[in-house]
Amino acid sequence: MEVGLVQILEGALLAAGEPLSLQRMAILFEEDERPSTDELRSAIKVVGERCEDRGYELVQVASGYRFQVRQSLSDWVARLWQERPARYSRALMETLSLIAYRQPITRGEIEEIRGVAVSTNIVKTLLEREWVRVVGHRDVPGRPAMYATTRQFLDYFNLKSLDQLPPLAEIKELDNLSGELGLELPPVLDGDLANGQDSPEAPGSQGDAVADETETVGDGEAAPEAS
Amino acid sequence: MTKSPKQSTQSIEENGSHETAALAAELLNVRPEQAEMPFAMVRGQAVTELPKDLYIPPQALEVFLEAFEGPLDLLLYLIRRQNLDILDIDVAEITEQYMRYVELMDAMQFELAAEYLLMAAMLAEIKSRMLLPRATENEEDEEDPRANLVRRLQEYERFKKAAEDLEALPRLERELWQASAAPPDIRSERPLPEVDMREVLLALGEVLRRAEMYQSHHIQRESLSTRERMSQVLETLKHDGFVPFVTLFRPEEGRLGVVVTFLALMELMKESLIELVQTEGFGPIHIKVKSE
Amino acid sequence: MEVGLVQILEGALLAAGEPLSLQRMAILFEEDERPSTDELRSAIKVVGERCEDRGYELVQVASGYRFQVRQSLSDWVARLWQERPARYSRALMETLSLIAYRQPITRGEIEEIRGVAVSTNIVKTLLEREWVRVVGHRDVPGRPAMYATTRQFLDYFNLKSLDQLPPLAEIKELDNLSGELGLELPPVLDGDLANGQDSPEAPGSQGDAVADETETVGDGEAAPEAS
C-alpha cells in the first residue's frame, strides 16, 4: 500500500473513533512534513470521495470529520446489539431543546416555559451524556447555573452547528388584538439561536431537509472548519 | 399500580359514555403495555360523583397524568382535542374542562403537582376577568386577559414541537454509528515534563522563604562550585574506594580549581563524610568515604 | 449507494468496534434474506479486496473479522494519543532545587528545610530522570543516601556548571517578579507579589525575559482538541 496523506487520514479517522478536526489531523505529522490546511482539505475531500459505494461515508460534524456508517444500513447494523438504543423521555427532550434553542438558560427559565419543575435527574443525565454543560451563573439571587449545549451534543445529533437545528415554530399573535397586547417577548427570548432561519416551519419536506444537513464530504463544497 | 384502596369494579362499557371510552382507548394507546387491562378499578364514592363524560378509569388516569408534561401540556391537549385555534380559546369552556380534570385527579388522591393547581387558579382568574365588562376608555391599555396564557401556550408548544423534531433527527447509536477500526500496534512513549530553570528557582525561593533561611550566612556564602565539587569527589570515592589525594586535583583547572577542590575536601571532612588516610609520614595521602 | 451484502458488512464491521464472526454477520439479516455462509465468505473476500490502497485492512482474528488500521501508519496514528507531558509538582521542584543548591544532601535534610516529608515518588522520579543521583551515604543512623545533581541535570538546563545558577540573593528577586510571570504561587505570597509589582527596583528587562521563557513552557505544545 502506498502511504500517502489520504491513507494516513483514513487510518487516523478510523483509529480515533471520534471526530477529528483539521488541527488534530495536522499534529499527526512532524513539523517538517506537516501538510498545510489546504492540503489537508483536499486530501479530506479525496477521502470522502473514496467512500462512494462503501457502507460508510465521511461526514463533517461540529468537532470535525468522522467516518460514519450509512444511515441506509441502520436496519441491519442495529441488529448487532440486543438492546434497543436508549430512549429519552419527552421531559428530557423538551429540556434539551430548550437548552439548545435558548442557551444559555437556567433551570428556572426552563421551568417557566415548560410550566413544570425540571427534575434533577434530567439535568444530571444531560450533563453526564455531556450534551450540556454549565457555562456560567446568572447574576440573580441564588446565582443559578446557566446551561448550554456542547459539541458532543451536535456530534451526537449529526449536526455541524446549532444553525442546523430544525427551525422553531413561529409565535402567532392574538389576531384581533395584535399590536396592542404587549405580546413582545421578554428579553431572554430575543436571541433565538435558530433566528437565522426564523422562517415559518418548512412543511412536509422537513425530514428530508434534516437528513441532508450533515454534509457528506466529497459531495459538495469544502465546508468551513467548525471549531 | 401503587395504590390499592378499597375498590369496586366497573367496566368501561357499563359506566362510560362514548367519549369516555374513546378517551380511555386513546390514553391506553399512549402506553400500549397497559392495554391488556380489562377492567377499570374504581375507588369508592368519589368516582361515582364524577361527571359521566369524564369518567376515566384511575389506572388510565395515572397513565394519563404521566402522559402529560404539565398543565400547559394538558391545556394544549384540551384545546387540540376540540380543534380549537390556540388564538381563539374559549377560556370559560377550557377552564371548566381543566377544572374537571383537576378535580378528578384530586378526587383520586393522586399527588397533584402544584403546577396544576396554580394553573387552575390562573384560569379562574382569566375567566373572571373575561366576564368583567371592559371599560371602553381604557381599552388601549388593557391587555386581553388571555394574552399571557396564549403566549405561554404557544411558547410551550413550539418547544414541544422542537423536542419532537430533535427526537426525529437521526442520531448516533440509533440510526448512525461512528465507524472505527482497531488501531495498529503503538509503542506509546509518554513525553517527559518540560521544566524551566526559573520554575526550579522559584520553587527554591519559596522553600527558603518558608524556612526563613534567607538570613543563613551558611547558605548564602557557600559557593556552588564547592558544593558541586563535593558531589564529584563523593562520586569518585564511591566507585574507587581509596583514592590518592593528588589525583583529585587537576592542574588544567588552574589555581582556582585546586582551591575549589581543596575547599570541597575540607567541607566533606567537616561533615564527616570522608577520611584522609596517611600510613606514614610524608607518605601518599589517600581519601576514602568514611566507614564505607 | 447500492445497498448490497458487501456494503452491509462494511458498515457492520465498522460499527461493531470488535471482531465479527460469520454467525454474527448472518443474524444481521432477517431469516428470509439471510445469506448462506458461502455467500458471506465471498462477500467478506470482496470487502477485504476493497481495502487495497486504503489506510486500513480487513484481518481475521480468533473471534472473527475486523478492520484494522495498517501497521505502516502507526507512526502517525500514534500521535492521536500522544499524551501531553505531565507537569512536575511544586514539591518536586523544591526538592530538585534544594539538591542543586545544597548537594550533597539527604532526604531528611531536605525535609527539614521544606518542613514537610519528601515522598519516595519524587526522589524516584528525579533519579529516573537522571537529574540526581546518590553520591554516598551520610554516616548517621540509618545511613541515609546523599543526593547530588548530575551532568544530565546541567545539560538539560543548559548549564556548564552549577556556578551558573544565580546566587540565592537573586532568587529573592525572582520571587518578587513572579507576579508578572504568571507562575502560580501559593496564596501566602500574595502580599509579597503586590509589593514586588510596586517596587521600582524590579529590573524591567529581566522581567520580560522571564516572561518569555515562561510562555514557552506553558504553551509549548499545540494543544489538541479539548474533548
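Letters A, B and C mark the chains as written, and numbering starts fresh at 1 in each.
By definition in this document, a residue touches a chain if its C-beta (ideal position, glycine included) is under 8 Å from a C-beta of that chain, and two chains touch if they have at least 3 such contacts.
It should be emphasised that the depicted structure is a prediction, and the values quoted were computed from it without experimental measurement.
In this assembly, C is the chain whose CA centroid lies farthest from the centroid of chain B.
Of all chains displayed, B has the C-alpha centre closest to the centre of the whole protein C-alpha set. One inter-chain figure worth recording: chain B and chain C are separated by 27 Å, centre to centre, where each centre is the mean of the chain's CA atoms.
Measuring from the averaged C-alpha position of chain A to that of chain B gives a distance of 19 Å.
With centres taken as mean Cα positions, chain C sits 31 Å from chain A. Residues of chain A in contact with two or more other chains: 11, 14-18, 56, 67, 69, 77. Residues of chain B in contact with at least two other chains: 177-184. By the touch rule above, chain B contacts chain A in their complex via residues 69-73, 86-88, 113, 115, 119, 140, 143-144, 146-147, 150-152, 154-184. Chain C contributes residues 11, 14-15, 17, 56, 66-74, 77-78, 80-88, 90, 93-94, 96-98, 100-104, 113-115, 129, 133, 135-139, 146, 148-149, 156-157, 159, 161-163, 165-169, 171-172, 174-175, 178, 181, 183, 185-186, 189, 210, 213-214, 216-217, 220 to its touches with chain B in the complex. Every residue of chain B that touches chain C in the complex is listed here, in rising order: 177-188, 190-211, 213-214, 219-220, 223-225, 227-228, 230-231, 234-235, 237-238, 271-273, 289-292. Residues 1-3, 6-12, 14-17, 20, 24, 27-29, 50, 52-56, 67, 69-70, 72-73, 76-77, 79-80, 222, 224-225, 227 of chain C are the ones that touch chain A when the two sit in their complex.
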